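The chains carry the letters A, B, C and D, assigned in the order they are written, with residues numbered from 1 in each.
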Amino acid sequence: MKRELDHLARFLQAAVDWKKKIRFNGTLLIEPKPQEPTKHQYDWDAATTLSFLQKYGLSGEFKLNIECNHATLSGHSCHHELETARINGLLGNIDANTGDPQIGWDTDQFLTDIGEATLIMLSVIRNGRTCTRRFNFDAKLRRESTDVTDMFIAHISGMDTLARGLRNAAKLIEDGTLDELIRKRYESFDSEIGSQIEKGKADFATLEKKAMEWGEPSVASGKQELAEMIFQSAL
Amino acid sequence: MKRELDHLARFLQAAVDWKKKIRFNGTLLIEPKPQEPTKHQYDWDAATTLSFLQKYGLSGEFKLNIECNHATLSGHSCHHELETARINGLLGNIDANTGDPQIGWDTDQFLTDIGEATLIMLSVIRNGRTCTRRFNFDAKLRRESTDVTDMFIAHISGMDTLARGLRNAAKLIEDGTLDELIRKRYESFDSEIGSQIEKGKADFATLEKKAMEWGEPSVASGKQELAEMIFQSAL
Amino acid sequence: MKRELDHLARFLQAAVDWKKKIRFNGTLLIEPKPQEPTKHQYDWDAATTLSFLQKYGLSGEFKLNIECNHATLSGHSCHHELETARINGLLGNIDANTGDPQIGWDTDQFLTDIGEATLIMLSVIRNGRTCTRRFNFDAKLRRESTDVTDMFIAHISGMDTLARGLRNAAKLIEDGTLDELIRKRYESFDSEIGSQIEKGKADFATLEKKAMEWGEPSVASGKQELAEMIFQSAL
Amino acid sequence: MKRELDHLARFLQAAVDWKKKIRFNGTLLIEPKPQEPTKHQYDWDAATTLSFLQKYGLSGEFKLNIECNHATLSGHSCHHELETARINGLLGNIDANTGDPQIGWDTDQFLTDIGEATLIMLSVIRNGRTCTRRFNFDAKLRRESTDVTDMFIAHISGMDTLARGLRNAAKLIEDGTLDELIRKRYESFDSEIGSQIEKGKADFATLEKKAMEWGEPSVASGKQELAEMIFQSAL
């Protein structure tokens, strides 16, 4: 297994070298994919691919192409994969394919779920203008979709879903209620001991002293039901 | 295993007898559930429960209480479970709980997915007025939902989602495009050889003769992309 | 969905009629399979297929061909599927293919797991001599298995695994410890109130009276760890 | 999500600092776990935990405690998780619990599968003497296991399974056939162009030249069926 990973890293390094030699300025993308065609894919998900890129000193050279269906197959939501890529500066492109959440292989359907499209667009907007971020559609259809019009309908439907998702995401960001909920959830880290923790200045001795002084903390609600209601209301 | 199933049937038969003895007119409900608390639940899903009820002569005495989270855990969609129950005259009640499609256990959240709620309501409307059909909410919350208001928000959000689902379902049925698509998909069974097949009058000899006469049939598109676009447009 | 199921039943009835007409004495087999090629297969697992056969009056005409890989994909163990078929008089044949327990599609490998083979053979032996029971191997290999010898090795290995499973199963049955454990687990149904329950003579009134008389029952251990140890020791 | 990961890193760094301050020489362990208690665990599996440790400069300070049940829940085999940890110098301890491969939550059973135990022991032996490597058993039992003897049986059975696994693993390593198969599978990387690739000296220009010179390569069989047969014969 170590040898296979080494070989893969050598291959990708050679691709990077070649890119530089021919002065190609495009972004090199890796599309994480679990379970297919081998069970133990070394690019299982965004985090696994990040661990590989970091280990072999390749993290500056590649970005990720996230596909929702692959996210599902790896046990994550698409949004989780997009955010994992985004916060590590790796979100390069999105493959606008989705799959059935319960079937364990790649069904390569186009997006029709407005909720999923809204979450995707939240990541896209937050990823900002300076990052490469495009969508691509795999031009495949289901076995039963034998009319040439099916191809058009699938693309129109997928594109419309993404457009509705973008509008909803913009609405949610402009409204700000969801962001405010998240800000409040973590605000204890904005001041006093919390900000000391974030700065790495609070060691266990300090924390123990504070814990003894303050006693048992009250457990604050995560307000997840409220967050879900706000999100759904925007759809 | 056979002995356990026999015991279960005896117990349910005794419950039916008792119900009659005390002149209780309510409907007895079984809630299919896979994986929990035992791996090989004998009420895994609607079809498994139907096979049990038929085998022990209990199908007239029980109806099913379908829960979306249990549907997911059994590998089906909620709509599939509802329709399996409905077309067998077994849809008695709906447990308005849902779960994460990728986590393998019962998370008991309330519904927030408008698409899922619309599919549920299509089954409810088609099940008609003469059938028992109610919704119940399990009054539980997530471990993190510690405010008393979380309970209210969860119920309001779940109820609103079902209300939006009902409106969407009514719109889809009134519009009729989706039903027309399904009617056309199966219309070859409305006349000639198709209707003979439905009446059980077309044996293999007749079918072979027709197949030789007509030659290779053209494969008609299932129009699934169109069906999904129509559905999503109603949300 | 109802119409599709009706059509399937008509087709299978026509096959039965044809079989009789041409005086074919072989057994007609249905191989339950979930998720492929359609998500909502009407022959999802043994219990689902039983519910279909019962509903359409076809249970006497078909037996099941159980495949371990399909069992896994439906969320069950192979042994559960075999026993479900066996206790309903439906175990007709076994497809000696297995799959990876965590990959969600049909990998069509041959059996190499001795434990799984032993459980299979326990069902085969218990199914008895009067029932049709054969094994078939799908003559496929993995994409990477490009040598002609791979085909031989796969069959030899699969056959050896089944042979070892048969020996282990015979040993477990001859030894009798496991059967005795099961007998003891259910012995309260062999006498007194338990045998009354099995005969359908104990109604709720009788049971309530006994429950009040005896008080809170002690919870007997299921001895599952012991059962697993006995089973593994035979491998 | 980024903020939560930062906090986790701060906390672990504080633990490392505290360990040094009190001159504690033990190994700090992280036990990767997916899906529970939150869906998007930041320590999902070995590779995810490695990506986290690398990003925050903590890889030298922590080793992993691999649990087979958690491996299964993350979509991997236990052996894959152990090897991922081992080849990255992170295999610190093994939690000798396993789970049902098809139930989606932590069942915390003790190991009874000889094949799984053999694979585990192959990783343990290869991890060598200089590494911390111990096993621990979580002292829990199933809900039904109410006898005090069940606790003893479970531990004896788990320990025996590991002992049989160790013997099998030693036999496989001493025999050498499996290792030889792997050596041959990758031997094209031992000489000429292959060893140049491993040394990072073969760029795309060199590889293209060789590819043109040699023409279409013959596809060598992966001999997976043979590998599985050798492995199973040792059990």
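Just so we're on the same page, a residue touches a chain if its C-beta (ideal position, glycine included) is under 8 Å from a C-beta of that chain, and two chains touch if they have at least 3 such contacts.
Keep in mind that what you see is a predicted model, and the values were worked out from it rather than measured.
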Task: Shared interface partners, meaning chains that touch chain C and chain D - done: A, B
Task: Chains touching both chain A and chain B, listed by label - done: C, D
Open item on the list: Count the C-beta contact pairs for B-C and for A-C, then tell me which is higher.
Closed with: B-C
Open item on the list: Roughly how far is chain A from chain C, centre to centre by C-alpha average, rounded to an integer in Å?
Closed with: 41
Task: Separation of mean Cα positions, chain C and chain B [Å, integer] - done: 26
- [ ] Please set out, as single numbers or ranges, the residues of chain C touching at least two other chains.
- [x] 35, 39, 75-77, 102
- [ ] Over in the complex, which chain A residues touch chain D? Could you list them?
- [x] 1-3, 5-7, 10-11, 13-15, 17-18, 21, 34-35, 39-40, 44-45, 47-48, 50-52, 54-55, 74-77, 80, 83-84, 87-88, 186, 189, 197-198, 200, 202-205, 207
Open item on the list: Using the touch definition from the top, list the residues of chain D that touch chain C in their complex.
Closed with: 72, 75-77, 101-102, 110, 112-115, 141-142, 144-147, 149-150, 153-154, 156-157, 160-161, 219-226, 228-229, 231-232, 235
Task: Touching residues (chain side chain C, partner chain A) in the complex - done: 35, 37, 39, 73, 100, 102-105, 143
